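Following this line, the structures themselves.
Next, two complexes with subunit A in common: one pairs it with subunit B, the other with subunit C.
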Partner chain A sequence: MITQYKVMPGPEHFLPPSAASMGNALPDPGQGHIHGTIVQEEQAMEEAARQFLSAKVPTLFPGPLVLWAWNDKAAKKAKAVRHLYETIKDSVTSTQTAMLIPMPDYRPKYPKINPEVEINPNHPNLTIWHNKIDACMFVGVHCHQANLSLKIIRGGTSCYTVAMCAQAGHEDAMLSFRDATADKIIRLADWVKKLKGSVEPPK
Partner chain B sequence: MSKERIKIAPELFDIMPPEYQDLVEKATYGNETRGWKDIGSAKELIEEHSLCAGCPESMAFRYILASLPNPEDTVMVGSTGCTSLVFPHVAVHNIHSLFGNQNAIASGLKRALSVRFPDRHKDVVVLAGDGATVDIGLDMTLQAWFRQEKFTTICFDNELYANTGGQESGLMQKGFVAKMAPVGKTFEKVRLPEIARESGCHYVVNCTVSKPNLVEKVIKNAIHIAREIGPTYLQLYTPCILEIGKNSMEGLQEMRDSEKPSERFAYKEYVSEPAKELLTEMAAKEKERKAEAKRQLASQTV
Partner chain C sequence: MATQSVIGQKNNKGQAFTDPRHMMFEAPRTPSFFTGSEVIKEAVRRASCDMMVAYPITPQSEAAALCGELFAEGYIGDYFRGESEFAVMSQCAGAAFGGARVFTTTAGPGTMRAMENFPMWAGARLPIQMIVTCRGINSPLSIQPDTLEISYLMQTGMLVWHAETAQDFYDWILLGYMVSEEPDVHLPLALCCDGFFVTHTKDMVDLTPVDMCLPPYDPYRSPVPCMDMECPPVRMMRDPFVMKSNYISYATHASWQQEVWAAVERSRKHTIGWMNGLIDTENTDADIIVVASGTAVSQSREAIDILADEGISVGLVKVKTLRPWPGEEIKEATKNAKHIIVPEFNVTGWLGREVKATVPNNERVHSGPHVCGGMTMPPEIIASEIKTILGIKVETLSGRGS
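This part shows the complex of A and B:
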């Protein structure tokens, strides 16, 4: 199915459609997608690195699958996520603020979450608005919750979303990888390092 | 049984919100002697709850969660009602079932867990209100008992449908007038504890939650008996202070008044013969454990 629908930074509108329902397809192994267009993984890596380096507040949102050391792979990925965060932090200018904000679980919290210290999939826009986040990456978030969050973010904010998915990728992110491993996260960090200084910082 | 199962990745420990750090460092997972006395001195498995101020159900929830013998390997099955407002804050696996079918869900769950983890105790605990247990879900409740499913059913009996504004329920007492039952109930409170006994439950208790040590004892008994022998049932009076016209501070007194010998929540217990044997064994083991702990303490002192 050929689709004209592009997954772009919002705010799109309240309740945006799921990109899958608009005909956007998931990438095959070795590929990623940018705004719904399937590209080679390296191209997606470069674009993600550019987005981080050109954002005022590039942010990583690690989810429960990497926050909790429930197996060796998860522990390795957590290490890689930290490495990526430190790399972004070292690569941006003093006018930019890199952040690392956890999504510890998916419970709807009452009366509200503290957007300074966490993000919740049921209202991710609160954390994004509060911290003025303009580019983010989800990693280690279960697919259903990631899709829910990505749609809410697209619907109500202008934040650029990247998904580092361990499964088949996310159509609802503006840029998505698939089959995420610790090595892949480190490769993304290498791209950030490689492009350091070559991307114009935000004004 | 240990905290190893909930270890935070060391590289990301510093960014976790403090309540999660506390859960890992100060919760009572893996502590075989955990109980209500840990409340206030250890991290509880229930975060802030969204129930009304002074709600006896919130007390019951805290005592139950503090008393689960094996919280890392326990799955709680809830149903629609005030309890479902609390489950999102609970650090124990839980499933929200459709209204009334909680015992059917728990049956399948318990069987699946027994197949998947044959060498590990996996406890299943149903926790639902009286509407879900006795009215809409009575079929599922009874059928699970008939089939001798090995899990515990706890009914938070507040004697009406509190969450939806005070409709009449099967466990409401005869003659009671509620906001949405203005003519008063015309028939007697359903005697579910007796029905539970006749339906094959091996341990049945009817009481209030005014005494935390008693709640701890019955929860532990019920879960151990369900694990080894067969179904158990606890009916706990958790009055809805709003629906019976009480203030926040009056919930405890309401329970105390209702557990007097002639009242409907006077302590009643039924234990089957196999369950009695198990409890005797457990008591002997507990005695031995305490004696051993005492011996160790004495040797350390010397």
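This part shows the complex of A and C:
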């Protein structure tokens, strides 16, 4: 299927479609996608860094796969995520606020979650609205839960979504990487450092 | 955990875990004369299955019992009989939640009895493989082939493939795990065939080497936690979104369902890579094209030969996967056809409906001939249907379907 569907910041629809059902395909190894268009990974790196540097509240959402040291790779990746957060924090202006908000688990929590301390895939819009987050990156979130959340964010918020996926990537993010490793996350931090000062901050 | 490559290592039966591309496409094959049920056993022998749950009462296929022999021989990690088909499918879910590669078989009324489990499997993203050796499901009961149950499975969120021959069956059981266990897919597969015609007849099948087997399933690549009693999909059983009356709970449930069908769509890329397309085509320049699945394809080939002898050129589209639905491929293959014939082994004509919903100018689609309840479909009645559509006078054939 040839698709014209662009995965853009919302609010898109009462119930936006899954991008896969609109014909969007996942990137192959060495590639990423931006708004559904397949690009080389380096181009996606640069664009993700620009999105972080031009956002008022660039935010990382690390999930259980990196929050728990269940193997050596996860621990290494967690350090890389912390490094990326510190790099973004050091690279933005005083009018911008970088955040690191964990997704510790996937439970549908009632009567409410505390949006200042967590995000979960079932209520992602609450955390995004409360903190006025306008660009975010999922990392270490199980793929099914990430896609669940990415669609809800696109449906009800104007937040720009990035997925740093350890598997095949996410069509439902506006920008996605695949086969994420600690080194890849550090490369993204390097792109943020490289572009520091060259991207206009938000007004 | 199984994230390290195990290719080249041996299992406790001395089989080498083999790169599936080498095993399926490069390794030498041995021609063997087997029934379809025996072929299922031989595929499972090479599939590195952790678990099989069986309900072998159905006379439709001996496969469940034959897989019991495999367990006795040490080729399957664990094996037991469930109390009923519903229990079997629930038990399969438990094993898959725990991170096992699971295999089971079913047919006919048993499939219907277990039906509640299939959307649950898909929703929980469990890559269980279920062989469906189709038979009649309605009263008066029949143990003869009839493909009506496939139409129910097509709405569950499972992958649904329809094998024509025992060779398809053998290859697709093994390839099925490769597709359904991809992390961006990770869905159950209903691998269907027409019972008796495929399961009980003997055919030549080229088998892969018995000392090679698939690499084991790696549950750590699952898109959901493989077992966590505090998190969905397990926790959803006691704290489902639908029990909370607020917008976001419903939105979560809706997004969850969309994600299951998104995963079906994602399976296209992998299925095309492993199975060389979702359809096979022959002579699609012809004005008349037969679109069929299962053994209706074999009968259609015979009919096409009969008509060729009479100077009538007819093309063929063999539909291999029903979910994902090869809509674009069928549209392309039939774009020049004046008449599209869809013969089926069921009373409702579900394949004809799907084709009608797919192609432009769908007055071209002739849904039929249909046989059901165990009737055979002689090639002559397909040829006769085509000639009738072309305005050629034909003799009445007794036993012709609707």
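Here are some notes:
One rule holds for everything that comes next: the second predicted complex is superposed on the first by the 203 of 203 C-alpha atoms of A that agree within 3 Å, B and C clash if a C-alpha of one lies under 4 Å from a C-alpha of the other, contacts with A are read in each partner's own complex, and residues count from 1 in each chain.
Basically, contacts are C-beta pairs under 8 Å (C-beta built on N, C-alpha and C of every residue); 3 or more make two chains touch, one makes a residue touch a chain.
The structure displayed is predicted, hence computed values, not measured ones.
Of the two partner chains placed around the shared chain by superposition, neither subunit B nor subunit C is touched by A:I34. In the superposition on chain A, A:A182 makes contact with neither subunit B nor subunit C. When the two complexes are overlaid on their common chain A, residue A:L67 makes contact with subunit B while staying clear of subunit C. In the superposed model, C is the one of subunit B and subunit C that contacts more residues of subunit A. Using the contact criterion defined above for the overlaid structures, shared-chain residue A:E171 touches subunit C, although it does not reach subunit B. After overlaying the two complexes on the shared chain, residue contacts for A:L84 are found with neither subunit B nor subunit C.
By the touch criterion stated above, A:A55 is placed in contact with neither subunit B nor subunit C. Legend: residue contacts after superposition of the two complexes on their common chain; A:E118 is shown touching subunit B, with no touch to subunit C. By the touch criterion stated above, A:M137 is placed in contact with neither subunit B nor subunit C.
In the superposition on chain A, A:R107 makes contact with both subunit B and subunit C. When both complexes are aligned on chain A by C-alpha atoms, subunit A residues 107-108, 110 touch subunit B in the first and subunit C in the second. Taken together, the subunit A residues at the contact with subunit C in this complex read 1, 15, 17-21, 25-26, 64, 71, 105-108, 110, 121-123, 125-126, 142-145, 147-149, 151-152, 155-156, 167-169, 171-172. Taken in their complex, subunit C has these residues touching subunit A: 1, 3, 125, 182-184, 186, 221-225, 230-232, 235-236, 239, 241, 244, 248-249, 251-252, 254-256, 258-259, 261-263, 265-266, 269, 328.
Of all residues in subunit A, only 62, 66-70, 74-75, 78-79, 81-82, 100-102, 104, 107-111, 114, 117-118 touch subunit B in the complex they form. Against subunit A, in their complex, subunit B makes its touches with residues 5-12, 15-17, 20, 48, 50, 85, 88-89.
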